[in-house]
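Structure first, commentary second.
In this document, chain identifiers A, B and C correspond to the written order of the chains, with residue numbering beginning at 1 in each.
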Amino acid sequence: MSKLSPFNVVSLTLGFVFLYLPMLILVVYSFNESQLVTVWAGFSTKWYGELARNEAFLDAAWVTLRVAFFSSTIATVLGTMAAYVLVRGGRFFGRTLFSGMIYAPLVMPEVITGLSLLLLFIGLGMDRGILTIVLAHTTFSMCYVSVVVSSRLVSFDKSLEEAALDLGCSPAEAFRLVTLPIIAPAVISGWLLAFTLSLDDLVIASFTSGPAATTLPIKIFSAVRLGVTPEINALSTIMIGIVTVGVIIASISTKRAKVKAEADERLAQRTE
Amino acid sequence: MRRFVLIAVPFLWLLALFLIPFGIVLKISLSDVALARPPYVPQFSWDEGIRAFLSQLDFENFAFIGAGAIVVTVVAIALLAAVAFPVYGLVFRRFFGGGLKALSIRSLIAAVVSVVAGILAVVIVFAVISFFFPSVVSLLEVDDYLYFQAYLSSLKIAAISTALTLLVGYPMAYGMARSPNSWRPTLMMLVILPFWTSFLIRVYAWRGILSQEGYLNQVLLWLGVIGEPLTILNTNTAVYIGVVYTYLPFMILPIYAALEKLDVSLIEAAEDLGCSRSSAFWLVTIPLSRPGIVAGCFLVFIPTLGEFVIPSLLGGSGTLMIGKVLWEEFFNNRDWPVASAVAIILLLILIVPIVLFQRNQQRQAEAGG
Amino acid sequence: MTQTVFAPWTDPAAKPLIRFRHVTKRFGDFTAIEDLSLDIYEREFFALLGPSGCGKTTMMRMLAGFEDPTEGTIELAGEDIGAVPPNKRAVNMMFQSYALFPHLTVRDNIAFGLKREGKPKDEIHARVEEMLRLVQLQKFASRKPHQISGGQRQRVALARSLAKAPKLLLLDEPLGALDKKLREETQFELMDIQEKTGTTFVIVTHDQEEAMTVASRIAVMKDGALMQVATPSQIYENPSSRYVADFLGDVTILEGKATKLGDAYEVHWAEGQPPLRAKSTLALADGAGCHLAIRPEKVEIHGEKPADDNVLRGKVIDIGYLGNISTYHVQLANGQTIRAQSFNTERDTRRAFTWEDEVWVNWTENCAVLLDH
């Protein structure tokens, strides 16, 4: 389909204005001089300075980053294993239960996941802190990783692995030398997804964190409940900025890869 | 051996951190609240044995939150839908000669007939059941209607905001699918970018816009559209806006995927065979994008039902949503057994849309070869 | 000087390289291969031919070690290879999709198997260069698979599977992804390479022309069983069954009853049509049902009635002009159609016969093949 009608143009324009205007306002007002967020009183970067001096926020950010790093890394390992088992594992006892447990957390309301994990940790007598948040985040984000990786594995030509076996690889070597390098992009995007989910999560972290460890979303939430503050605006701007840069870099590199693939295609045709 | 390890590690992880916790929730939902640590009884102990332990469990919490009434209501809604949809198709085929024409007086008649048939079916089924099992009626007697209302209101909010999201998302997906090839990756990126941005921040952004002295009211007052600032924040309207805003990418992406696959020559063939532009849209484009629409709707509806952040930041004290009720029950009232019972019922309700969603996905995968 | 013909299967003393002994393979309820026995000899170019789902790919995957036989044994050079995993077998496979590793260059793809053996570096290098030379890809050695054409990919796959000098090379529809012209060229290349390396090739294909061109022997398969195992010319000229006759090449098949007449049979096949004579070594009882298979190129077409045996009269209803040959569909009075082919040796746009022409077709008694019912 092509050829945009005026209706298409209007709906796209309004749609994207709706998606981006709120964030834009947030960013603009983070440079507002005034304490009152809704009244413009001149340009200033003082809230960024305030933010940099706010120990509580910095601590929370550090906790969040550590949690996100560890949970997404463990989740990537477990999720890739789970995806491999689901796509290539054949039949085994409890396969239905296993795939059910992989997909269930994707649709499970966060309040329920959080509640159930908290009750488990209390039942085990574990002190709530960074460890419990990491465990909780790993559990739900490994499911996302396994969905991303298994969709890559499904489209993966099985004969590549067979060719590796045929040429003398043991199954472990075949995975290391052939499968892993090919599915690596999916594994990396799985890791990024898990990392983002962990950074973003409020509900499950609220249930599983203790007084010793507060994550950034929990901090933001308790601040936001009281009202809109310029400091949160500044923090939001930083977070939006990081994501925007990341997504733009990612899309440029995909575009580069596409251009290169097209060039390769032409090269291949020329050599006929 | 290697294979065994590969299976066992993620399997045991999920068993320990997903299934067992869930079993604990189930167990606590059958316990009684107590002033203790942890604040419920019975505690399991080996001395008394399993039988004694089990005998102390009961459905009191479920009765307290009106689980029977909630389940009955959900079953009734499901039954109504299960009857109404086939009747709608039947009426169309049998009495209108299959002459498809969307948004006409005929489809309105068919809709009314099918809804009436659905309601009749529900009434008959419940009349018959309560005749043979009078005890069913007592299920509808509820101690505290708060939970019942919260479930219903969650269903209502999720349904309305799903419809609104569809209304906003479909034209966008359609516009994206019709835009030139070279724009599409950029438009895709623009839709996905908010998804990677913090959910909390995106919801928070609307607090500044919708509040009494927020940007929206400032603009509207300045334009002279309104004389008094509108109260939007802390109402259900704000919740609808929040849901549409945060879940819009989930609606757009599946619909766009379906529309992008659509072959232009199908539209041209329809026009060649005498369809006008708009009837080609209703008769070809919409039906062929239906799997995308269904997937998008479930992707919005299912998480919205258990949503906590949006109602607690944008909704007011009058906004009852089950995720919020559960949170408050747990953190504010410290009534763990009731919170657990609320969670179990929420999950039971979610099973219906989840199963329907799975079936839609499966059919799509099969159709895709 | 005695130039012996390569035909180890006729020599009772020859030892087969591969031996299927009563092999059965089941997938759940489905039986892919049923009690199949087959010998394949060293240096053979052996083709497994059949429609999809006939079990030919299963045979190949059992040889490679990706499937185990449910019953029976498979021997390679006298040893049962049932328990040997694919990575320990002296068998290599060229995959239908080529299965080239997309993240490795052409050179690394070819070297992949050699590196697994842990050979010294310079030895690997020499062998890779040799392989690149063999398939004429020296120039493209450092490209990735998606940077070369389909035909080149096919040659990389071949080089990679030959690099370890396997006793046996399996080729799964090796030319299926190439266009017709390239496929024909490549067939001859394959034969050349097979001869040069002296490797035993087993090829799986559903393309009968390909099998006829490349193979020393062909096994025609149907529903998990062998229908006939013989050289291409035997299979074409002396098919053992109606199925084989029909599967390979174009054929007209008539159904009738046979009567012995000297060293030939007379086949009565339709009311009002003369009986047809066919030479055969088959032992058929008088009046036994039989099929008569006639290849169109063996059928002559005449404007006037010839004074031979096996003459039938009919009318031209269809003409297929293929450039080098023309196929005529001649309909007899009883409705049966006989196909006849003639070479267009002259450059003349006018054809000898046209639609609705009254014609006679005939063939000699040696040309028709009599088949058991």
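Here is the rule we use: a contact is a pair of C-beta atoms (placed from the backbone, for glycine too) under 8 Å apart; a residue touches a chain by one contact, two chains touch by 3 or more.
Only a predicted model underlies this, so the values are computations on that prediction, with no experimental measurement involved.
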{"item": "Central chain of the complex, centres being mean CA coordinates", "value": "A"}
{"item": "Dominant interface by contact count, named by its two chains", "value": "A-B"}
{"item": "Farthest-lying chain, centroid of Cα atoms versus that of chain C", "value": "B"}
{"item": "Centre-to-centre distance between chain B and chain A (centres being mean Cα positions), rounded to whole Å", "value": "23"}
{"item": "Distance between the centres, which are taken as Cα means, of chain C and chain B, whole angstrom", "value": "59"}
{"item": "Distance from the mean Cα position of chain C to that of chain A, given in whole angstrom", "value": "54"}
{"item": "Shared interface positions of chain C, touching two or more other chains", "value": "none"}
{"item": "Parts of chain C lying in touch with chain A, wherever the complex brings them together", "value": "64-66, 85-88, 91-93, 95-97, 99, 101-103, 112-113, 116-117, 140, 143-144, 146-149, 151-152, 160-161, 164"}
{"item": "Complex contacts: residues of chain A adjacent to chain B", "value": "1-5, 7-9, 11-12, 15-16, 18-20, 22-23, 25-26, 29, 37-38, 78-79, 81-82, 84-85, 89, 92, 94, 98, 101-102, 104-105, 107-112, 115-117, 119-120, 122-123, 135-136, 138-139, 142, 146, 171-172, 196, 199-200, 202-203, 217, 220-221, 224-225, 227-228, 232-233, 236, 239-240, 243-244, 246-248, 251, 254-255"}
{"item": "Partner chain A, residues of chain B touching it in the complex", "value": "2-3, 6-7, 9-11, 13-15, 17-22, 24-25, 28, 38, 168-169, 171-172, 174-181, 185-187, 189-194, 196-202, 204-209, 211, 213-215, 218, 245, 248, 259-260, 262, 264, 267, 302-303, 305-309, 312-313, 323, 326-327, 330, 336, 339-340, 343, 346-347, 350, 354, 357"}
{"item": "Contact footprint of chain C on chain A as seen in their complex", "value": "157, 159-160, 162-170, 173, 177-178, 181-182, 261, 264-265, 267-269, 271-272"}
